[in-house]
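Both complexes shown next keep subunit A, but they swap its partner, so subunit B is in the first and subunit C is in the second.
This part shows the complex of A and B:
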């Protein structure tokens, strides 16, 4: 019986090709538009590191002066997402958390030791401590992070991205080879694989959707070379400071370093916050931290929300797309009404020769199901096409944002079938209500 | 207008089908208003004047890592001299950061050093005394810097008493009633007083996404960072040639690196890539919305014509002209789209309140409701033409046939 109804439904769709085409295409366009925006926002919003997002925290400190506030946000005082060099070192050396890391940055001319001087390119480099790679699950192809002792002595070591390893060493295992950074030889100790971490939550918002940096070196090495962050990253200052003087910057109240910790579990968070507040109290006695203290410890998702990585535009876009889908569904609903209206005679005849209302509902229900399925499949194709175009137009964003995963594919098909069946309920109800007598008279 | 009564009563009788269309138009309208507004906003962003002579400017950096300061200054002036001597170069200046390059420095601006909160924020551009002329920024009040004001230092030289030149937007935010008052007044950057000696018309800040992007300050201090940035102004239409000339000139020194050689146009494109992308997307969205509306109206009108073949035939048989039939369906259609647009306007206002309450966005101004109504009504009318003509072509004989 079911197969017979499916056959009937297909036959009925074929009989009114224009109407069927319009229904399927409106649904597929609506589905495509919704799924494109949804994919981008889903990829932006999904937990970037599900195994640890509850246990990784960033530390924000109220270090600004009594007379100057860092900034206002939504009518409230805001504290920086960065910390000063002295605070980063103090918190790091305290080793209060099982793992903690400092994240800095600088820019230098780099080349492999085999390349001539003129091939050097200016490179944005990430400086950090050895814990970073384990804390953030960096995937390595060759080698690994540097060791704790290399970290401590500020060894001249470097970790390359897969991309940079291909450019400098043709993609082979380059462990032990040498790279010149700012004229100083660094030994390659690791090469990491493609690392699509979205958003790159350990950075501030406008860096969070860009590609990972191509070179990582120990933070201590950067400090030993007195390479202070020049123009490549954010630095916010107050009080006495001279940006071009290394010693001035590290002794100043300039904030420019991210500080992240990994705890054993989310429950230890308050303990760590107490430690941070105690630290602030100690510093207060030394004349720093004079403002009202708003120090905080944010986990990964709180930190993402705080920096508003997604942006209000894309939130609005999802809503607009959903409204658009709604309009498309209303459109297809009125098309279905037209269609079933034209079939009044057929319904009357079938009812007269013994079909129950349920039978009619099942038959038409199957028809809307097929419309929804086809709309979903075509919509999926259109959405993927749309995402390719989007990736082209939004080339400044990480391309990983514009890729569907299997969950989204299934969601798309389900959304299409469920919504079109739902919007088909009323037309079907109307069709079922047709009395055999009213139709048979005019036949 | 005598058509109006039968139209309304027939619409009321049919209920569901026209209601669906009205709802569809209302929702489409809401999306349309927001999209048109966002698009116009992005367009304004992209086309906002930067104040610079965009087509003749390019810049590059020379890294000076590890050089003594005196050596750095000597090299810098030597390079400036050599570049200025090139035939294709009109002007060259040192600058701390390029507008729209995403790199730069900002300050809290206070009118009184004891104020707890800043009045506004502004970015600082600092460099050679003739920076304004090189950028091509237009001075609209006060005076420019002269050679005696220029000094090369290890910081921004905030303690110097050269005065500052500010953008008109900053002057307006400091003196909302009359920005002319800014000239000669004192502002505080990091608690240090500065006299405003000039005002420039437009000047884009370092960050295109910054709330205070139009507020900018110009200082005549050459800030000696590890990388020195040169801003070169070529003669009209000779930018490509000038870039080649400059690179060739500097490459004569084998130890020299040139970094980030880029035209200003490239910086601008990169800065507005997100806005441009959104702008393109919104154009597609608007076309899609119009198409869906037209499809809906087309379907609905066709449906109502189909349902009333017999009635139309009767009317024709009783002496109604083709024009009258067309008029009937056009008015019916207009009525539905108008209802849809009105409901849509209500929805928009409702959505607006939600958006303003939950997101930091500005509400849609009234005129956009009018624009969108025009779009919806026009596309409705166009879509109704074919089915209406179809209706007019129904022969009076139709009335005598049983359907």
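This part shows the complex of A and C:
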């Protein structure tokens, strides 16, 4: 019987090609628009590191001056997401958490030692401590992170992104090769594998949607070379400071470093916060930390919410797209009404020769199902096309944002089938209400 | 086979009550060929619809093969229509996107027949109306008379106990109409009862019995047997 209805549905769709085309394309366009926005927001919102998101924390400190508030947000005082060099070092050296890391940034001209000087490119570099790679589950194709001792002595070592390794060394195993960073030789100790982390939660706001940086070096090495990120990345200051002077910056109240810790479990958070508050009290006695203390320890998801990676815009976009889908479905519903209205004679006839209301409902239900399925399949194609274009336009963003996973593919098909069938219910109900005698009488 | 006791039908639309059929008694035996005549608007189609379980009567009792039909569920009535009754309409009512085979097969699909049995029945029915060779054709490719033959084949395919025909030749020219009449008579000879509404007195005379409806009143007429 099912095959019979499928056959009837296909004949019926072929019978009115324009109407069928309009129904299917209306649904597929609505589905595509919704799924494009949904995919991006889903990718932004999913837990980037489910195995650990509850025990990785970032530390925010109230270091601003008594007369200088950092800034207001939503009518409340805000404290920075970055910490000063002094605080980063103090917290790091205290080793209160099983693992902790400092994350910094700078920019320099780089090339491989085999390349001529003119081929050097300006590169954003990430500086950090050796714990980083284990804390954030960094994948390597070659080598690994540098060692604790290399970290401590500020060794001239570098880790390359997969992309940069392809560019500099043709994707070969480049461990032991040399790279010049700001004119100083660094030895390659590791090459990352693809690392599609969305969002890149250890960074804030906009940076969280970018791809991994091309070069990582030890934080101590950066400091030894007296490189600070002044013009090249976020740095916020108050009090006395001279951005062009390295020693001034590291002794100032300028904040520019992320500080992350990994605890054994989420329950240890309060303990760590107590430690941070105690530290703040000590510093207060030395004349720092004069404002009301709002220090906090945020886990991964709290941190993502706080820096509003997702952005209200993209939430609005999903709602708008859903509203658009709704309009498309209403449209397709009216097309279905037209379609089924034209089949009044057939319904009357089928009823007369023995079809029950259920039989009619099943026949038309299957037709809407097929319309929904086709709409979903075509919508899926359109959505992927749309995502490709979006990825092209926003090429600075992580390309993984614009890729559907299997769950989204299935969701798309289901959404299309369920919604179009749902919106088909009324037309189907109307068709079932046609009396077996009505259509035949007037003829 | 078909027994009506005090059956009547009234339509109520916006406070206006139309008595389409006044109470009447009627009995039809297996094998009869009954013609229903009368001026238009007198209630012939309404009567046929009640007999065919397409419409509910508002008074009285209607027994089909000894079984009371008043108040049966939609599902049950649908299956009674499917198994006991074959319908033939003035405007053929074939589905344009289905070929002749699929059109004739339609009622069999609402019944538990195997594919093989369905196919045999369809081919037999098409054979009976002389169109077996055209099972893959579509309705639009046929003349009016041929289309009505397909409709008759569709009505026959499920081997019903009786056929209901509402002015089956109303849309046909006289030559085609004659062909349809003789086909219906053949079918009747083979044992299927027929209840046929017609305007044509000549056709009515060929029936074994004539029932006249006038302003909703049903009366038996004598058949002037002209052999």
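Keep this in mind: the second predicted complex is superposed on the first by the 442 of 443 C-alpha atoms of A that agree within 3 Å, B and C clash if a C-alpha of one lies under 4 Å from a C-alpha of the other, contacts with A are read in each partner's own complex, and residues count from 1 in each chain.
In this text, a residue touches a chain if its C-beta (ideal position, glycine included) is under 8 Å from a C-beta of that chain, and two chains touch if they have at least 3 such contacts.
None of these values were measured; they are calculated from a predicted model.
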Is A:334 touching the first partner subunit B, the second partner subunit C, both, or neither of them? first
Under the stated touch criterion, which partner chain does A:320 make contact with: subunit B (first), subunit C (second), both, or neither? first
I'd like to know which partner A:156 touches here: subunit B for first, subunit C for second, both or neither. neither
Should A:356 be classified as contacting the first partner (subunit B), the second (subunit C), both, or neither? second
Superposition-derived comparison: subunit B or subunit C, residues of subunit A touched: B
Name the contact category of A:398: first (subunit B only), second (subunit C only), both, or neither. neither
Which holds for A:22: it touches subunit B only (first), subunit C only (second), both, or neither? first
Look at A:72 in the shared chain and tell me whether it touches subunit B only, subunit C only, both, or neither; answer first, second, both or neither. first
State the interface residues of subunit C toward subunit A in the complex, per the touch definition above. 45, 49, 52, 54-55, 74-75, 78-79, 81-83, 87, 89-91, 93, 95-98, 106-107, 109-111, 154, 158, 166
Subunit B partner contacts - residues on subunit A that touch it in the complex: 22, 26, 29-30, 33, 67-69, 72, 74, 107-109, 117-118, 120, 122, 182-183, 206, 227, 230-232, 238, 242-245, 312-313, 315-316, 320, 323-324, 326-328, 330-331, 333-335, 337-338, 341-342, 390, 393-396, 426, 430, 442
For the complex, give me every residue of subunit B touching subunit A. 16-17, 20-21, 23-24, 27-28, 30-31, 34-35, 38, 61, 63, 65-66, 97, 102-103, 108, 114, 116-117, 154-155, 190-191, 209, 223-227, 254, 257, 259-260, 270, 273-274, 277-278, 280-281, 285, 288-289, 292, 295-296, 299-300, 302-303, 306-307, 355, 359-361, 402-403
Under the definition above, what is the set of subunit A residues touching subunit C in their complex? 1, 4, 11-12, 14-15, 345-346, 348-359, 435-437, 440-441, 443
